[in-house]
Amino acid sequence: MTANEPLGPYRVIAAADPAGPVPAAGQFFMLSAGERWGGGEGGRPFLPRAFSMLRREGDELRFMLEDVGPGTNRLATLEPGDGLLVVGPLGAGFTPGDTRRALLVGGGVGVPPLCCLQDELLAHRVETTALVGFRSATHAAAATLLRDPRVATDDGSIGHHGLVTELLERELDGAGGSERTVFACGPPAMLEAVRRLCVERALPAQLALESGMACGFGACFGCVVSLRAGGYVRLCVDGPVLDAHVLAEVPAH
Amino acid sequence: MTANEPLGPYRVIAAADPAGPVPAAGQFFMLSAGERWGGGEGGRPFLPRAFSMLRREGDELRFMLEDVGPGTNRLATLEPGDGLLVVGPLGAGFTPGDTRRALLVGGGVGVPPLCCLQDELLAHRVETTALVGFRSATHAAAATLLRDPRVATDDGSIGHHGLVTELLERELDGAGGSERTVFACGPPAMLEAVRRLCVERALPAQLALESGMACGFGACFGCVVSLRAGGYVRLCVDGPVLDAHVLAEVPAH
Amino acid sequence: MPDFCGLELAHPIVNGSGTFDAIAARRAFGDELDAAFPFSAFVSKTITLAPREGNPPPRLWEAAGGLLNSIGLPNKGLEGYLAEDLPELARLPVPLITNVMGSTVEEVAALVEALGEREEVAAIELNVSCPNVRTGLDLGADAAELGRVLRAVRPLTATPLIVKLTPNTADVASVAAAAEEAGADAVSLINTLRGMAMQPGRAGRPWLGARTGGLSGPAVRHVALAQVAAVASRVAVPVVGMGGVTSGRDALELLHAGATLVAVGTESFRDPAAGRRISGELSELAANRPFVSEV
Amino acid sequence: MPDFCGLELAHPIVNGSGTFDAIAARRAFGDELDAAFPFSAFVSKTITLAPREGNPPPRLWEAAGGLLNSIGLPNKGLEGYLAEDLPELARLPVPLITNVMGSTVEEVAALVEALGEREEVAAIELNVSCPNVRTGLDLGADAAELGRVLRAVRPLTATPLIVKLTPNTADVASVAAAAEEAGADAVSLINTLRGMAMQPGRAGRPWLGARTGGLSGPAVRHVALAQVAAVASRVAVPVVGMGGVTSGRDALELLHAGATLVAVGTESFRDPAAGRRISGELSELAANRPFVSEV
C-alpha cells in the first residue's frame, strides 16, 4: 500500500506493482491485507476482495473503494507502508473494438473501470460520453475521475435529479442515439435497466458485472451468472465484462 | 485504552475503569480489543487474555505485557482511544496476612502482581525484599516498577549473572531466612523451583500461577491445576495465587 | 415471552450447558449478577451419577474463530449437586434446567428419577454425546440406541426432558426424530464438533490432555444452522438452537431456522453479559426491522 | 520425495479437488504457472458421467475462518473431460489425479473404467460425498454401502484408487477401514462439513442457491486433524490429509497425524501460489527444527 486518500465518501488506494503485467480497462485485482485480515464483523473478512483497476500510474495501481463491510473496511483503514496482497490483473475487460461513439454509463463504485476505459478510448481518439449516477453530491466527488462527466443524483443535490438510466434513455433517444456502443458498470439494478434498454434497442453493450468471488482466477466456480441461452459462466474468467445480449438478467447479488 | 507505553521490551497499557471495584494484589483482568480481535496468526486471537493488575492509579488500571503471540500483539499495538474490553477484577490474589518479612520473587511478566503487592505491604509498613530475574538488561527495565529490587539476568548484562532462584536460595540461607514468607510470580520453571525450595524448607509461600484461560470467571473449567492431595482447582477462581504447599507441581503450561 | 415446554421465559436466550457457572459467576461478579441475570433460564453443567474430576490439562486450545475444549465433564456427582449446588441455583431469578449424562440406561434412569423429584428443576437436559458402552459410538449418534434408552427413562418423571443431540453423526434429523418418538419434550443442538490440536513443536503429540476435544464458537455456526434447520423441519417438539452465536442477528437466524430458544455458549467467555446483550439485540431487531418472512 | 501409491512426488503438497483449476489458472497467470506449479500432483475437480451445470447461485458464503460453498460439481461430464480437459491437464509438469463421483454403482464403474484406461491419469480419486440412491445418506457415511460399491468397481482398473471420505459421519475411521478392505489404495479427507447460511434480512431464507453447502478453511482444521489421526491409526494405506491448511506448520501437523500427502484447498483462493509457499515452509521446518518425535 503506497497511498490511501479520501474521495468524497470513497477511498482511493494505491499499491506498488512494479513487476506486474499492464492491465486492461475492466480487469480487476483480488486484494487482501497482508496482516490482520479477519477479526471483523462475523469474524470476517476471510477471502480476498475484488476491485476494478481505476488507473495504473507509473508502477502504481490505483483502486477506488467504498467501505461497505468488513473487507472494504479493513482495506480502507490500511496505512501507506502496510502490507497488501495483490493478485491480478484478472478477467476479461472491455473490448473497445469499433469506432462507434462510446457511451459510458456508471454509478457509485462502478466508476473505476469506466475511467480506465475512457483513458484508453481517448488515447485512440474515440469520442466518449460519460453518464454517472450517485446517491448525492458528496458521492459525486468520484465523477471528477472522469473527463466531462454528466451527473445524476438520487437526491438531486447535484446534476440531474433522478437515475442515470434516465440520462441514458434521453441520450439514446437523441440524435445518433442508435449509433452508440454502451459500456456500463454499477449496481445490479442500474445494470439490469441498462441491459433492458440496450436489448430493446438492439444496441451493442458491454456490462461490467459484480458477484461474490472466492478466488478471482477460475478456481472455485463460485462467481457464476446465468446466460440467456442457459448454463452459467464464471464471471472472474469469462467476465467481469459481458455482452449484455448474452445475459439472462443481471443478478441481484 | 488510555495509554500504551514501552518499558524496555514490554508495554505498559492503561485502561479507564472509573466504576470498577478496587482490585487486590494478584488479581487479574481478562482483556480483549473492542475491534478486530482475530485475524492474527492462525486466525487468532479469539478468547480474551488474562493480565495481572500492575497498579491502579486514580481511575486507571495499568497492565504490563509482553508481545508473545496474537493476543498480546494486538493489545500491544492498540492506540489510546481504541476500544478495550475489560472484565474483572477476577480471582483470588495474595493474602499478605502476617508480619513475617516478605520476600517477593519474580521474573519477566511476573513482575506486575509483585508491584501491587509491594505497594500494599509498604502501605502496611511490612518490610519487603524484591528479587527479580530477566533475560537481559533491556528486559530488566521492568524492575524499575519495584522499590529496591535485586536483579538477576540470564546473560549477566546487569545484576547477578544467573537465575533469580539463586538469589532466593542465598537469601533463605542467610540471616532470618527461615522467617520469611515468599510471594512469587514468573515463568513455570522458576515457580516450580521456588515451590521446591519453599516446600523443602517448610516456608510459607504463595505462588501466582498462569494457565491457559478461556473465561477467567469459573465458567469453562479449562484452567485447572493439579493439587498434591489429588483433584484439580480452577486457577481463575481458586487462584491465580495458590499456596505452594497444596500444589502437586507447577505445570509447564 | 417464549413458551418452552410449559415454562414461560422472559426472552429466548439461555446458556449452553457447561459454558456458564452461575455459582462461580456470583462469586466473581457479586449479587448484581442475579439482578441482571444474562439468561432467561439457567442450564447447569453436565451432572453424572458419580463425581468426576474431568480430563487432565491442558483442556483448552484456541482455534480460528473458536475454541477446542476437553474439559471432560468435571462435576460433584448427583449427590454433591443436590446437596451443594441445587440450593444455590434455586436462588437464581430464572428457571433451572439440569443437564445430565449417563453411560448406561441405569445411570441415566437414576439421574432422571432423582432430579425429576425436585421441584427446583424445571427441566432435565440429557447430554447424549457420550460413548455408548454397547456400540462404542456416541449414544446420540445412533437413533436406535437413543430410542431404547429414552423409552426406558421417559416414564420415570413428569419433568420435561430435553435431549441434547450430538453433531458428530451422519443424519442428526433422524436421531432427533427417534428422540421425539421415544418421548423427548424438546431437543437441543449442537454440541461441540470432535476436533484435535497438536502440541506446537512436538511431532504427533496432541495438545489436549484427553487427545481430542470439542470445537465450539463462530467456526461451527454454519454447521449449527444446517443441523438446527434439518432437525426443526423434521420434529414437532421445540428445538433449542446453539453453536457460535455471538449476536442478536446470529440468534435470530437460528430462530428463523426453527429454534424456539437459542443458547449462547463460548461467547460468554469473552463477554460474561453476552446473554443479556444478545437478547437486547434480538428485541431491537424484532422492533426495528420487520423481516420479510418467506420460506 | 514422498512415494504415494507408486507415484514419486517432488513434495507432499497437492491441491484439494475443486479448489484449483489448472486450465483457468494458466489463462490467468500464463505459462509461468506451469514452470512453478504450486502442487506436486494435480487433482481435478470432480467429474461425473453426464455434464452438470452445478447449483444455482449464490454459491459462496464467507464464514468466520472459512468458506461455505454450494458449487454443486459443475463439470463437462466424462466425455467432455476426456476430449477437452485431459489433453490440457496432461501438459502439466506433475502427475494428474482425476476425481470422480457417481450416484450408482454403474455410474462409478463407467467412470473408473474409462479413466483407468488413460495413462495420463496417474490415480483416480472417488468422491463419496454424494447422496446414495439406496440409503438417502451420503455414500461415504455408510461403511457397508461404500464397501459394496468399491468391491464392484475395484477390479475394473489397475490405476490406484483413492477414496475421498466424507466428514459428515459418526465414525469416519470405520468407513475408511471398510474402504481399505474393499481395495482402496489410499484414502483422502476431509471433504467439507455440511453447513447453512441465511440471507441477511430475509427470515428463514437460505443464502445459498442449494440451501446447504460445505464448510472449508481454517474453521475446520481441528476437525480435520481429529479425523485424519483417527483414520491414519486405523488403516495401513496412505492418507491424504486436508482441511484448513494455510501454512507449512499446519501441513506438518497433518503429516504428524499420519498423512502421507497434504492437500491445500481454500487457502489457494487468497494466495494462488499457496501450495508452493506451504511446501517451502514445510521443508524449512524440517531443515531448521528437528521436531521431538514421541507418540
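As written, the chains take the letters A, B, C and D, and residue 1 is the first residue of each chain.
By definition in this document, a contact is a pair of C-beta atoms (placed from the backbone, for glycine too) under 8 Å apart; a residue touches a chain by one contact, two chains touch by 3 or more.
This is a predicted model, so every value here is computed, not measured.
Chain centre most remote from that of chain A: B (centre = mean of CA atoms). Between the CA-based centres of chain A and chain D the separation comes to 35 Å, rounded to the whole angstrom. The centroid of the Cα atoms in chain A and the matching centroid in chain C are 47 Å apart.
Centre-to-centre, using mean CA coordinates, chain A is 54 Å away from chain B. In chain D, the residues touching two or more other chains are 63-66, 217-218.
For chain B, the set of residues touching two or more other chains reads 37-38, 42-43.
Chain contact topology: the protein chains form a complete graph, every chain touching every other one.
Taken in their complex, chain B has these residues touching chain A: 35-40, 43, 74.
Looking at the complex, you find that chain B touches chain C at residues 30, 32, 37-38, 42-48, 85, 87, 90, 211-226, 231-232, 234, 237, 251, 253. On chain A, the positions that touch chain C within their shared complex are 38, 42-43.
The touching residues of chain D, counted against chain C in their complex, run 61, 63-66, 68, 137-138, 141-142, 168-171, 193-198, 201-206, 212, 215, 217-223, 225-227, 229, 244, 253, 256-257, 289, 291-295.
Across the interface of their complex, chain B is touched by residues 18-21, 23-25, 27-29, 45, 53-54, 57-67, 69, 71, 74, 217, 266, 268-272 of chain C.
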